[in-house]
Amino acid sequence: MAPLTYLQAISAGLRDEMREDERVLLMGEDIGVFGGAFKVTDGFVAEFGLERVMDTPLAESGIIGTAIGAAVVGMRPVCEMQFSDFISCGFDQLVNVAGKMHYRQGLAVPLVVRLPSGGGFSGGPFHSQNPEGWFMHAPGIKVVAPSTAEDAKGLLHAAIHDPNPVCYMEHKHLYRRVKGEVSEGVFETPLTARVARSGSDLVVIAYGAMVHTALEATEDLEGASIEVLDLRCLKPLDEDAILDSVGRCSKVVVVDEANFTCAAGAQVAALIAERAFEDLDGPVVRVATPDVPIPFSPPLEQAVLPSVERVREACRELLEY
Amino acid sequence: MAPLTYLQAISAGLRDEMREDERVLLMGEDIGVFGGAFKVTDGFVAEFGLERVMDTPLAESGIIGTAIGAAVVGMRPVCEMQFSDFISCGFDQLVNVAGKMHYRQGLAVPLVVRLPSGGGFSGGPFHSQNPEGWFMHAPGIKVVAPSTAEDAKGLLHAAIHDPNPVCYMEHKHLYRRVKGEVSEGVFETPLTARVARSGSDLVVIAYGAMVHTALEATEDLEGASIEVLDLRCLKPLDEDAILDSVGRCSKVVVVDEANFTCAAGAQVAALIAERAFEDLDGPVVRVATPDVPIPFSPPLEQAVLPSVERVREACRELLEY
Amino acid sequence: MATETAQATAQRNGAVGHLQVEDRIWLLRAMLMMRRIEERAMSLYRQGKVPGSFYDGFGQEAVSAGAAFAMAPEDRLCILHRDLAAHIVRGVTPTRIFAQYMGRATGITGGRDGNVHFGDYRVGCVGMVSMLPDMMLVATGMAMAFKLRGERRVALTWFGDGSTSRGDFHEAMNWAGVQRLPVIFVLENNQFAYSTPLDKQFAVDPVERAAGYGFVGVTVDGNDAEAMFEATYEARQRALAGEGPTMIEAVTMRMHGHAAHDDMKYVPKEMVEEWRKRDPIERQEARLRKAGVDVEQIDAEVREEIDAAAKEALSSPMPDPSTATDGVFCEGEPEPLLDGQAPWSGFQSEAALEDDS
Amino acid sequence: MATETAQATAQRNGAVGHLQVEDRIWLLRAMLMMRRIEERAMSLYRQGKVPGSFYDGFGQEAVSAGAAFAMAPEDRLCILHRDLAAHIVRGVTPTRIFAQYMGRATGITGGRDGNVHFGDYRVGCVGMVSMLPDMMLVATGMAMAFKLRGERRVALTWFGDGSTSRGDFHEAMNWAGVQRLPVIFVLENNQFAYSTPLDKQFAVDPVERAAGYGFVGVTVDGNDAEAMFEATYEARQRALAGEGPTMIEAVTMRMHGHAAHDDMKYVPKEMVEEWRKRDPIERQEARLRKAGVDVEQIDAEVREEIDAAAKEALSSPMPDPSTATDGVFCEGEPEPLLDGQAPWSGFQSEAALEDDS
């Protein structure tokens, strides 16, 4: 056990998979010689060579499309989008070619797309997006979103070993801010939710960076017992864990950093409204970023991203309901 | 007043706008000489010429991207995707360039994208999709989805006169199946919901083709009084109309044809669970297509698309709740 | 690298006469199969037995037959919507093709996908998606894997004149050129993209662009199955020799409408007349007659086989609705792409040689 | 259409000597402004006054200064992230640029977008998005509208060597070629895309591809502002004459890291040394000294202006958080793109002539 940052855990996970399975191939812009925009693959070329840590042309459709081709003939490509925002340029290959392949013809596409996502550091409208909702809405694609260093490594293992296309949402704002004990060697985190803190008065359901916002916001709410559920896997959604938490807490706040409309949180809230109606002692409250591009300037960005204060306020109001 | 099919109403609307405003420019694959895959622009070249009814290269990113350029210098481009499925190839230009332009720099993009969508005729995985959810989740883009001939024309007028990018969802299965009286000349349908049938025991909330499914399914439910709310505009969502219906009916079934997870219906259900909790006398029930590509073979397609029977069953169960 | 005709390179490489009579018969048979299957499918469509729409490759049979015939069992293909003969060459049976068209459980996709949107991974093929030309990138990726693993394999895909306008055409051409991958791009120039003529798609023939990506582009008479074979044979040799991709432009004509519903009013009558004289099947039949082959006999056999196949497919079951949501995700181990049929006699002799050594 | 150097075409069209001394001074001033602003912005960044990251165009000043200088007020531009001088030429003040970098309410985007992601529609510019090279299609669309309306206007955009690998490069080049649009594509070949060298982006210099799209491609010394002007001037003349698009490859070098954090370890030292000798500003200064111009005086004036601008920007307010969600949608009438500044003396004389007539 060694304490690693979230970013180091991703690197460690990638390195282990590369060592364990020569079918694993890393593809992306500036990931080889440079080691990646965020240095996730720093030093990989020295150990694995330029061919397995491939500096690709600046072409996201090309990255996803060629990775699909490599995957169907037996490779295990792991693609890095330099920022998750750029997946919009490879959107068609991902949703139409990769996502529908197995259903249409029984051919699996074991492909991982690493998506450095999220805001909070003045990245502006094109370096701060949280696109997971788009892929939750696209059949045949799995979506995972670790919030801790341990899960970052364990979910990466699960994603690479999954025979399906998996969007691996890595939150840029957690890269160096989150640190934790990470088991050595290869281990797998199941594609299920995790109770980050158990409680009985209210549950905050979140994923990625918002798990930490939720934990901080509810640390001390006049002694109320607040559960925090870390979804970890957004598609398929761990419905049992969600319904179980709601059943025990009866009050729910759903938090995500993505834009409000049709976000992951909308699906979670809808699920609860349909399947846990009788357990509810209050409205299913949502906290999310309003439907606005993520502004660059700090005062504007802080005004739109879900803050510790907003989540705390939402919980306080609901507790009083 | 003349009875027109849904498709004829779209054609009539386009023709009126072309006559009224020379800035209106139609762009798309095979829309000129051929008159469009669905013949929506049949005969337009004769009246408006090849330049204003432009046969474009087979390039969706090109269509959206050049339309954006034309729009910012004062044109009013109306782009046709041959099938809504192909917007995945122009996704980046639409969500990142068009959607964020006004917020970022105060420059409007008056652009309409016509998206022939939906299944029910063995179109298979690539000719049957309902992509509206993706664009509801993208800031800066409006989404409308007419269900009647009258609204098809009125919402087209509203879309073309809107200074923002608008996704105009035209349901292929309604093209020739739906017919109705359509006012002559230019008129506008507001971007608000419409009570398709008023009732007091339960409300079915739907849009596009599902409005007809909902009406048929609830025509005669053992004398229960069933309201059907036709959303018409998905972004911005007419929250007041939704909350008003729920307030009066207390029981809700939300129907959409799109894939279940993070669909428009998820947003509607989440809205109700948060803002109308006290009005609810039962769970917020959803009916949608499961998270599966739309299969080609009739028995498979019928099994996944929301049917009159499924909607009726859902209503019956909820009424008994 | 300048553009050159297949004939030219053929001479240069001395790569002529690869085809024995049996091979030339095989090519005719594959083309006849394609035509008879599509004729029959079209009438089944008109009878309402084929759901959705229907697309055929009438008049273009040589493009897919000739190119596929040059590919080895271990090669991998992405076959497009005018290329039925390629499926035949790889070993897909007419019965399963009819079942596919009719959305039966026994079709290649089991009714999940429609009409021409299929590919049988059991014979080394990846089925096309509707978005054109997305498969160019998939083929490029397969070739990338072959090169990384040092395998002697080649990937091939077809694509149309219209689809050259899409960004994925460029990303695939550029990627394959930069990495010098063993991939063959067959541009099926059939003069139209749905109703859109060439001059609305490009100002310069796309084969001219190959040089701008650093590889060879050749133009071939797409209505000559043997020329298609030779050009593809050479392209495959180049690929195996590590000389990278080749773009082959097959010049042909879409003799039917874009799909069953399209009356192609937009096509000048004379143009169709002109091209009718260059029917690829009649051309191959004429050659074989000269060689003393009884081509009527072959057509009769094909028709018989097609009749039987159609009958069998018609009696095969529709998919079970209760399975409609199965298989969205793969559970367990992925199925590998398997090798396909490669009837060219040259492969057998090569194999024989290897056995001897 | 073969590729040719700007010099060659310049001779052929006898299009030399368009620049008066005052113009050549303007070019120097624009380049100096760019360099001094970016130097200052970089130090403001290190002081934590510029949020996010920071990108500059050190060593590439001639590319944007020279090209923008050839464009008329009514022309429209999409300016990229290494092209600050183009904003200066169009009339954007240093104060608003500093405010933009620092996310102030008075910046061009009012703090909504960051660093170099801006464009002022009040001077005929559309701000870039991060996705490269998306603006090539936007510029193409503007040119399409100009042609449809029969207006004598030209659209111009810049893009990098790396972004030529994206599909949108192809869709824009092809579209502009098919429709013969009045658009100018300036390829800013600065040898790297972030850390990626040219040979990972293309096997053949992209300027060679212009011919494959049916228009002229020229290669220019991107470190010579006057050569950039001449090539752009000619391209604009071609566009106005209805001869369609031009692709100009400006060969230059990115002398700093991709962004503030990048130490460019991956760039060979000698390469930087080589290019340092070809600094575009020193080159223009040398020319003007020969012409007897006091260049030190100009630099002094620029520094003064920059000092004042930075000071003013530093004292300008941050945006009001309560406005964070305003303006996602446009309400009311769209703002039109307005004309920009076009300081080239040739435009004034042209205008004068028109007034006389």
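Chains: A, B, C and D, in written order; residue numbering restarts at 1 for each.
The definition used in the following text is that contacts are C-beta pairs under 8 Å (C-beta built on N, C-alpha and C of every residue); 3 or more make two chains touch, one makes a residue touch a chain.
Remember, predicted model here, so these are calculated numbers, not experimental data.
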Checklist outcome for this item: Co-neighbours of chain A and chain C resolve to B, D
Next on the checklist: By mean C-alpha position, what chain is farthest away from chain B?
Outcome noted: D
Item to check | Whole-Å gap separating chain B and chain C, where each centre is the average of the chain's CA atoms | outcome: 37
Checklist outcome for this item: Rounded to the nearest Å, the gap between Cα centres of chain B and chain D is 40
Checklist entry - From the C-alpha centre of chain C to that of chain D, how far is it in Å? => result 46
Next on the checklist: Two-or-more-chain contact residues of chain B, please, as numbers and ranges.
Outcome noted: 56-57, 59, 61-62, 85, 88-89, 92, 96, 100, 103-104, 125-126, 139-140, 291-293, 295
Item to check | Multi-partner residues of chain C (each touching 2 or more other chains) | outcome: 109, 112-113, 117, 129-131, 165-168, 171, 174-175, 178, 200-202, 328
Checklist entry - Taking touching chains as linked, do they make an open path (line), a single closed cycle (ring), a hub with spokes (star), an all-linked set (complete), or other? => result complete
Checklist outcome for this item: chain D partner, complex, touching residues on chain C are 165-171, 174-175, 177-178, 180, 199-204, 206, 208-209, 211-215
Checklist entry - What does chain C use to touch chain B in their complex? => result 51-52, 103-104, 109, 111-115, 117, 129-132, 162-163, 165-167, 193-196, 200-202, 266, 318-325, 328
Next on the checklist: Quick check: in the complex, which residue numbers of chain B touch chain C?
Outcome noted: 29-30, 33-34, 37, 55-62, 83, 85-86, 88-89, 121-127, 290-293, 295-304
Checklist entry - What does chain B use to touch chain D in their complex? => result 25, 51-52, 56-57, 59, 61-62, 64-75, 92-93, 96-97, 100-108, 110, 139-140, 142, 163-164
Checklist entry - Which of the residues in chain D come into contact with chain B in the complex? => result 76, 108-109, 112-113, 117-121, 126-127, 129-131, 134, 136-146, 148, 155, 167-168, 171-172, 174-175, 178, 327-337
